[in-house]
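Just below sit the structures, each encoded as structure tokens.
After this come two complexes, each holding chain A, first together with chain B and then together with chain C.
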Partner chain A sequence: TAGNKILHFGACRVSMSMTEIRAGFTAIKANIQARDPIRTLSILSYPHSLHKVNSSDRCCITHHLFNFYVDKVFKHCKTEDSYVNRKISSIANSFLSIKRKLGQCHEKNQCMCGQESTEKFKQILANYEGLNVTSAAMKSLGELDILLDWME
Partner chain B sequence: LGILFFFVFFLAPQNISILSTNMKHILTWSPVIIQGETVRYSVEFQGEYERFFFFFFWIPISECSLIFFSFFFITEDISATVFFFLFFLADLGARRSDFFFFFFFFNRNTTSLTSPIFFFFFFGYHLLVELEDMGPAFQFRVLYWKKGQERRVSVTLGFWVIREVSSVVHLFFFVFFFEYCVKAQSYVEAINRSSSFSQTQCCL
Partner chain C sequence: SGELYCSLLNPRNVRFESINMKNVLHWSAPEGTGNGVLYRVKYSVYGVGKWIRKPECRNINRTWCDLSSETSDYEEQYYASVKAFLNGMFSDWVETTRFNPLTDTKIDPPMVSVSSTDKSISIILTAPEKWKRSPEEESKSLLQVYPGLQYNVSVLNKKTKKRWFFSISNHTLVVPWLEPETAYCVSAQIHITTPILDSGFSKEYCIATSKDKTEA
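Right, the complex of A and B next:
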């Protein structure tokens, strides 16, 4: 649909304002990526891309990733630029709203975690913890389009 | 502290409200008028994320800093379906009161939705409808039937129109000499709410 994206994970159905999130990220992408000096590493793509996830594991990986961004990323991305902070706030609050919906699916056992999703998310956390907090958070935020592309 | 409190209360903006229609939100208030003095306001906001995950971080709105006028389009900042909290800072002449005045919260799922303006017309054997552009968050539901057969309006006849390509939508091939009627409603998936149906329009 024009503005919204419906994430279908079996019985779990989550509406997501993809247009608003992408517009917010596109507006600050260059600014955020310029703050990430380490170009040789990736949080989301190393060693395997997200695109190699079984469909049965997609809901759990998505749930993990939204928790990851809400709990570990956005709060370490405060900048001196009020405009950038406003856009990060817009994305963060959208992620919080979606995280809650995914949490409801998880509580209804509609978002089960398999071995693969658990392993893949451990790898993402390891990549994140391999850097200092601010660098890891800025890099993760700069890779948001990788997550959005994978979800679309 | 009493004097300070009086100073704070004295400058508090009045009648703060957010006028929200069709997912567009305008913050308005009545400024305090003081003879011979200038009162300017600044607004900062936080969403539930900042409140619960980001150490109560308040975000200034640069376009809404030290302003005289008393309204502000806040749509872009309130772009998630969570609660947002706003507060005002006041400057009287050169003095800044660092206390927050008024605590106001808002969630966009309370926005009021209007039914879409539309025109429908015949083009050859086609019945077409042109819909108002209400923004990317909107979808529409269009119902149509032969006049006099209102009870035969079935959901299958209606469909959610996704306004991506053009504002003109082809409904179906019509049969001559019948009068057809159409009505429409708008729907916002992000908040899972729809407007009431528009007035019915009929045409031969």
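Right, the complex of A and C next:
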């Protein structure tokens, strides 16, 4: 479909509706980020930016992160605003299908996890668990552009 | 005796205005205040604990502050904040929303140069450069920042008013099979698919095709 993009992670190639996800996030970005008052901590970028991740680990980190967003983020981001909720569920659906594709790569050993990606993901989980679930989920959602910028 | 404590109304509409990643903080004066208000500015990198004061924007009376240098790493995101002072009174710190230089900047149109033969025109497009600290600093094209950068090109036949649109990733375009001795006007726009960013269209550059060589 329009706006689909094939992202290459070594042998793993995944088609993603990036434009659709970006448009959905852009529409709710200010609303979601305004719900996150904590400036001093980032789930994805603290202490090290995703941009420092080794390219050989990109697939595994991406796989971990899509699992993370589907399993630990979207479900805890209900708001009182039905428009925002619709956008969140649309993004969640896109993430769900990408998560499956990355899972298939993982099963074919095309998405190997090195030590760096394992350490990096542990740090992300530690950042997430350092806050209460709703705050952590809302902050993670507000950082979606960090993930998308890094992936592209 | 009790100390009289009055606070000043807050600066309003505190936001980043960014063009080609020249990132300038702007705000409006507190409501109802005339001249004489002074301001201080600080900024922070999202995820890092510290607020950092901007010395060049300490006790200024203008309502903008250039933070391009401080926010030039477009892999980071930022907040900035402004406080107003007047006659011993002061406002709260008022913050921007989270600023992402990569997605929140505006892009200038490309530079367009055209040349022609009797039956074709050649168009060369140049993407704008990312803001840089000084002329001596190495230039970085926005093409390097946004690898997915494309161009939308419009070509208008001034005689027939017929218009063509092209969408190209390359920075050159040759439009063949045109009419000799006819004026054509070209305009171009930058189109970035992800993140979603479009420049405006450039102004029109017009050129005429030459006399038909085969008639000579």
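As a working rule, the second predicted complex is superposed on the first by the 150 of 152 C-alpha atoms of A that agree within 3 Å, B and C clash if a C-alpha of one lies under 4 Å from a C-alpha of the other, contacts with A are read in each partner's own complex, and residues count from 1 in each chain.
FYI, a residue touches a chain if its C-beta (ideal position, glycine included) is under 8 Å from a C-beta of that chain, and two chains touch if they have at least 3 such contacts.
Note that the structure is a prediction, hence the values are computed from the model and not measured.
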item: Chain B versus chain C as contact partner of A:Ser17, first or second or both or neither; value: first
item: Which superposed partner A:Thr134 touches (first chain B, second chain C, both, neither); value: neither
item: Contacts of A:Asp71 with chain B and chain C, given as first, second, both or neither; value: first
item: Partner chain in contact with A:Ser42 - chain B first, chain C second, else both or neither; value: second
item: First (chain B), second (chain C), both or neither touched by A:Thr118; value: neither
item: Which of chain B and chain C A:Gln104 touches, first, second, both or neither; value: neither
item: Doubly contacted residues of chain A, that is, touched by chain B and again by chain C; value: 3, 19
item: For the chain A and chain C complex, residues of the former touching the latter; value: 3, 5, 18-19, 22-23, 26, 30, 33-34, 39-42, 45-46, 49, 51, 142, 145-146, 148-150, 152
item: Interfacial residue positions of chain B with respect to chain A in the complex; value: 45-50, 52-55, 57, 59-62, 76-77, 79-82, 84, 135-139, 162-164, 189-190, 192
item: In the complex with chain B, residue positions of chain A that touch it; value: 1-4, 6, 15, 17, 19-20, 24, 70-71, 74-75, 78, 82-83, 85-86, 89-90, 92-97
item: Chain A partner contacts - residues on chain C that touch it in the complex; value: 44, 46-49, 75-77, 79, 97-98, 100, 102-103, 148, 193-196
